[in-house]
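In order of appearance the chains are A, B, C, D and E, and numbering begins at 1 in each one.
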Amino acid sequence: MDIEKREYAYYPGCSLEGMAKEFDIATKEVFTRLGIKLSELADWSCCGATAAHYKDRLLAYALPARNLNLVGKSGKSEVAISCAACFSRLKTTTMQLEHDSKLKAEVELVLEEKYEGGVKPLHILEILMQSVGTARLQALVTKPLKSLRVVSYYGCLLVRPPEVATFDDLENPTSMDKIMECMGAVAVDWPMKTECCGASLTLSKSDWVLNLVEKLLREAKDAKAQVIAVACPLCQANLDMRQIDLQNQKRIDFKMPVLYFTQLMALAMGAQKEKLSFHRHLVEVQSTLGAYLNQ
Amino acid sequence: MARIGVFICWCGENISRTVDVVKVAEAMAGVPGVVTSVEYKYMCSDPGQKIMKESIKNDALDGVVVALCSPLMHEKTFRTAAEEAGLNPFLLEVANIREHCSWVHENKEEATKKAIAITRSTVERVRYNLQLKNITVPITARAMVVGGGIAGIQAALDIANGGHEVVLVERTPSIGGHMAGLSETFPTLDCSQCILTPRMVEVARHPKIKLYSYAEVESVSGFVGNFEVKIRKKARSVDTSSCTGCGICQEKCPQKNIASEFEEGLGKRKAIYVPFPQAVPNKPVIDRKHCLYFTKGKCKICEKVCGPKAIRYEQEDEIVEERIGAIVLATGYETLPATFFPEYGGGRYPDVITGLQFERLASASGPTSGELKRPSDGRRPETVVFLSCAGSRDLAKGISYCSKICCMYVAKHAMLYQHKVHGGKAYVFYMDVRASGKNYDEFVRRAIEQDKAIYVRGRVARVYEKEIEGVKKLVVKGADTLLGEQVEIVADMVVLASAVKPSVGAAALAQKVGTPYDQHHFYSEAHPKLRPVESNTAGIFLAGAAQAPKDIPESVADASAAASKVQILFSRKEMERDPYVSMVNSDRCFGCFSCEAVCPYRAISRKEIKNRSGEVLKVVAEVNAGLCQGCGGCIAICRAKACDLAGYTDQQIFSAIRGFNTTSTYEEEVVKK
Amino acid sequence: MSMNMNMKFEPKIMAFVCQWCTYTGADLAGTSRMQYSPYVKIIKLPCTGRIDVQFIVKAFEEGADGVIVSGCHPGDCHYTSGNYYARRRFEMFHELMSFVGVDMRRIQFAWVSAAEGRKWAELVNEVSKRVEELGPFNVFHALREQANELNP
Amino acid sequence: MNSIHEVREEARKLLEEKRVGMVIGYGKGKGKKNYPIFITDPQKVEELHFESDCFYNLAVYLRKPEVCSHGKLAIVVKGCDARSVRGLFSENQLKSEEVVMLELKCDAKGIGRDKCTTCRVKNPLTPEEKNPIDGEIAKILAMPMEERFRFFAEEFKRCIRCYACRQICPHCFCKTCIVEKSEPQWISSTPSPLGNWSWNFTRAFHLIGRCVECGECARACPVGIRLDILNRYLAKSVEEKYQFIAGMDEKAAPPLTTYKQNDNQDFIR
Amino acid sequence: MKSYNSSIVTKQGLKQLIENILAHKYRLLAPKKSGEQLSFETILRAEEVVLNQLLRTMTTLSPKEVFFPRTEPVLRYTGQEMHDVEPPTPETVLFGIRPCDARGLELLDKVFTWDYNDKFYLKRREATTIVTFACSDQASVDEHCFCLGVGGDPTASSGSDLLLSTNGDDAFLLEVITEKGERLLNSCKEGVELQASDKRAADQLEAIKDRFVRKQDLTEVRHKMPEYFDSDQLVQETYRCLGCGICAMSCPTCHCFDIVDEPKAGTLGEGARVKNWDACSFALFTKHAGGHNPRELQCQRCRQRYFHKLAYYPQKFSEESLCVGCGRCSRSCPVGLDIYQAVTHVLGKGRA
């Protein structure tokens, strides 16, 4: 296990600038409390996300490669990433370019510079579990989320494909659950940890996504969860936003807040609720989590 | 000066159509040392062979080249003929001018030139052929069988009944293997123990079988017919000669909550125990990891209650040595544990079990006396889902192969379940049903048609626990690919037909024995079709599931085949082998032992060269001709050229190279004529 | 090189092959009556592991213009591992040969199984054509001629 | 050890306590020359000497019968000698319990053709940096094939077969060299262009994965053949391909006596 | 001995002389830089002869190779037939050897004629005219030179046909020593300005001798040598010898050879029996077919070389040593062995 590092390069990614702003805020809050500096990369750009990956193979590697080079230029060899999709794209790129010299040459042609390699993308969950460790996390908890029933939802990209996402079990990931336990919450086992939420089909096939989200929420409800913890902006958006549609179209109201796991962490570590932008969520948070918010 | 005869075959028109054989004969006649060079329509015919044989005698030949078809075809024929004529057979070489020349070239001039070159090169090579003699190796007619499952038992009995002594080594306290733990067997549904235990008893009583149970192979040295084996007899803490097997120790032992290996963890055993009632030998063993005396230093109840005073706490592992002529590896298999499948909740949900565990639940001698109960709460399972191919044929799980036995035992399980829980529902998720074997498909059909097992073609993605009406149920989510639908089944129990893999330690044993294994650690056979029960190492034979997943009939057939191979080997006092073995010139060898490193057969040993007063001057390599298979790897790696390979000596190859690149002007003129 | 100006260049190519796979594969090419270039001549060895780099050097010394080395595919070795050792040896041989300026288009390593008669025929044709295009291995043959000049 | 004084002290002890029969080291010759010396008398350890022109690879003496007859030996080693000694261990030429290595940091400058400039084991006895492509190797690699061939053929042509390269090499320990083998005579022993090519090629091949790049062969060569470039290039290739550096780990198998199932085979059809 | 005239010749004149030699189709051999080495090679253009360099640096290998090549065929065979080989003997001028080398040839003459007249050596000797360059530059002598100790002289003329030495900055003294030398000069002096002189190199170059650091006389050593045959000190002196053949191969007087049959590559049944340089320092040199080696240890092989040079040859042929003190062996020895040092050292210490 690594000795705890004091500074990482930080790649927030587009979502965290926009609709997942609260994820960014909460993550930074947690890391500040841990005493770890996240230095945001200067001039970072989009990783291409699923869009580039669908449309243009070269672009899907060139975009992350550009950002990886920025990490190198900033003098760091590891980059912390919050967004599951960004993490997946950057990590896939490092692995692919290491082995595929032809692709590497093509990417370099696009970048108009050498792809230097040697950068290790790390998801913040990975950093928290492997470098920081549960003991230290536990030590920082000032307002434990006592008896709050949380189901952790990992979705697809945090554990798949297993060659890329290597820090947790492919079939039964537990890192987020363990963190929730450290925060004093009850990590509820449920069967949907790694099921898909429909992801970007949310726009083109919204009825499919609605079905998937319904199943997820139902299981969460059946597991008597009070809140769903996530680590992916798109998962959050789908699970949160589609509850409104379910209400409108199917008359089902789950009232299930969907929070970024760092939001819950920050809360347990004593951050002010105002700071954590709970108001940005569509499903009302106050009524379920009131007790914890107002601690 | 050599006296070489060259005999060129027309092979009817097969060679002569494109090779001017007369010219070849003429060209060879001009080669120094060639005393006769003739061509004939069919050299392999009796009159053709006669020409060669007479020439060997009349011309006092000391080397022969026959230019004809591939040596794979007729080398043996002509060498035998040469021997009959009084010539050492290894002084004859074949020049392949048919498969490698006349059949693949159309231009007659070019083909003739090439035929001349091939024949010339062979002439140059044959000058340096040595008179070789087949190697004879003495044979110790005593076999060792490793593994006391059904394959090992069968092999041991067959060899012993053939009149040869057998040493049977079993790792656990009793022989019997997995078969002893099965409930009923497909496709007849006869009781497994009923057919096995008589065999086990026969082993125990057989005067020619020496059984080492609770023992492991420590090391193997030597070679076919002459192995020296060290066996570690693990400390049993019980003197088996005085123990009567009364069982009082087991009864009185206070340590009772140890998961029983035999019961696949579903039952309990004591710290001193006999694994199962019919065990052979029926003598207990102390599990020192759990024994109170060994862990805490006090108890000794077993010693106190033992009438014949057979408890030996101070016993240590013992190494015994055996001289052996052949080894049968029958180390069997194990299956992937349920914990290997987190997606199915293996290890988390007690009611997700493996096929072998189901066998115990269904077995009349099992922890539930054959009643089907859920391990979690003892309830009768109303719905059971069987998942075949759990891990098998799944590259994501690292297993590409089919475990072969599962389709059949899953059908059997479904049937047994129906017989025990009337009205219960058995679902089987499958990828394909592979039931090729005598009465096998009929058996599966019976499961489906008579016993109403519901077969769903598709795989299961996830199993999770869900409390429904106060009962913990298992939700099985999968796909029905025939209907193209996702299915969800709420079940009481899930049985994983988890993949078969070689026993733990199979690879380590292979390394001790010096025999190859594949990436999954299954032992490799010498030839997948023609030598399925032989390993690549002479004298090492394979039986049962150690080589690949196999069911009982196959394992038994294998075992008998291996036993028969052993007996063929033992049918002679000495064994004859090709003389193509490596040799070391100990004067040139300076002992870097690169050869030792690259030898796949561990045929290189170290020999000390001493002076008259016994001081070691140097250590050099020595080839054990019994082990050497003649690959020649040692020679290519030897910088000092201290090794050489009989039949393929450096000098022969050197001359062949020189012979090829040289076409003398004379030969060229012959072609142009 | 005894090549007359108006004679066609007939390359001398020597093939060192293992008896279990490639030799048998070449037999198969024969029984299947595949036609191929006549310039390649085979020397049969038990295993590619037996093939000493000295054989190849000697072949060139004696006037070869090209060399083929072929045996069983990895995993198929009759002796289980001979071709693996050979593969490393040939890789380093390749390194050294090209470093001292031997055009490695003249030396072809291949795996040809007993079932690959077609591959053998193609290999022979390919190497023959390539060596024919490269012409006689004059820089090396020059050494031989200089050596022979010392013995006038 | 940090200084020659410590080495002398250790050597004295070893000899006095009869733990070794001989100490091999450097002595000071006339002028500023240093030669290998062989000390059996503990009184004479003061003759041991070490300075920047002690460039010999002393490990070569460990295979001389008259040296070996002294039983256990102690030897003063620099980086390259130590690599050679370990190489000899790994090839069963010496037993590690029979040799005491007296290690010294080396700042040898080499002589003439700076054999020490490409050295990477001065101190400590681990590689200091990745084997760099040195200028001379780069120069060869920049040549077209035929030019390379001519370059080496011309180099090898000068060879007079004095075999100094072989004799000075600790790793050429065959008692009878391949060139001294007849029946068949794979390599002509006549100093002619053809035999010279094969001889020098074969020696380089035989040193693959074994050469410790001490450069003694090139230093010894009276006609100045650049054997060092060849050997350095091959050492570099071995390191790149098999992550093996000769003489670093006496337990590691020399790369040509082992294999991996997924070894490169791009060059094989 | 008939005394011949000396003349002064300018640098330009010498160059003209070399050009004339080439023009008269002589094969001209002179030290030439190849790589970093100076070796005797065929000269095609006069400017390839760099006078300054050949005066200052000694060739690594001696000129014995001109008469006794490192390899040469002595007979050829085709199948069962054998053919004599006639050595090619073009009229040759060997230019720029040192007086020690020239003396070496005189010593070799005895070896190649005492029981058998080696036609290969003798025919080449006959066809070759030797133009020696006396060690007349300050840099001609280095710390390895010890010809004075073995009966030589940096300005001696024995063995030479013509002797050159420096005479001031831009001129040379050219002495005619033999008739062969005179013939060469006469046939090639067209356009060469020769100014008669009565000087001799030996007279005016006495000062060079002061350059020698090795002056101890070894000529008398031969009588003492047998006492040291089993000397431990000699063993100590040669303990570091590694058994390469540099000393013998660079030596102007070492003359051992090996006979091997060389098949002609690319043919069968054709080949030549060749004579290759050999060296007594090689372990194989005295190894018997049965495996026994009477000179088992390297120091014994070294001793053989020293004794052959300083004791056996003088006993057999003359009072002269077979060593001319050129210093090549110690200059090239990779472990710094040195015959002069070893012998003087051992003798200096007295009997072991």
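The criterion applied here is as follows: contacts are C-beta pairs under 8 Å (C-beta built on N, C-alpha and C of every residue); 3 or more make two chains touch, one makes a residue touch a chain.
Treat the numbers as computed from the prediction; the structure is a model and nothing was measured.
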Review point. Just how many steps, at minimum, does a route from chain A to chain C need if it may pass only between touching chains?
Key: 2
Revision key, fill the gap. A correct list of chains touching both chain A and chain E reads B
Point to revise | Chain pair showing more contacts of the two, C-E and B-D | key: B-D
Exercise for review: Just grab the chain with the largest centre-to-centre distance to chain E, centres being mean Cα coordinates.
Suggested key: A
Practice item. Report back the single chain whose CA centre is most distant from the CA centre of chain C. Key: A
Revision key, fill the gap. Expressed in whole Å, how far the mean CA point of chain A lies from that of chain B is 50
Study note, to complete from the structure: Per the C-alpha means, the centres of chain C and chain D lie apart by a whole-Å value of 33
Study note, to complete from the structure: So, in whole Å, the Cα centroid of chain A is separated from that of chain D by 56
Review point. Considering chain D alone, which of its residues make contact with at least two other chains?
Key: 176, 178, 186, 188, 190, 192, 194, 256-258
Study note, to complete from the structure: chain B residues touching 2+ other chains are 587, 598, 637, 650, 654, 658, 661-662
Revision key, fill the gap. Residue ranges of chain A touching at least 2 other chains are none
Review point. Which two-chain combinations qualify as touching?
Key: A-B, B-C, B-D, B-E, C-D, C-E, D-E
Check your understanding: If you look only at chain C, which of its residues touch chain D in the complex?
Key -> 53-54, 57-58, 61, 74-75, 81, 84-85, 87-96, 98-104, 108-111, 123, 139-140, 142-144, 146-147, 150
**Study point:** Sites on chain C touched by chain E in the complex
**Key:** 61-63, 144, 147-148, 150-152
Exercise for review: Would you pull the chain A residues touching chain B in the complex into a rising list?
Suggested key: 162, 169-172, 189-191, 195, 222
Review point. Within the complex, which stretch of chain B touches chain E?
Key: 32, 124, 587, 658-659, 661-662, 664
Review point. Okay, in this complex, where on chain E does chain D touch?
Key: 34-37, 39, 60-61, 70-71, 143, 239-240, 242-246, 248-250, 258, 260, 262, 265, 274, 276-277, 279, 282, 284, 296-299, 332, 334-336, 341
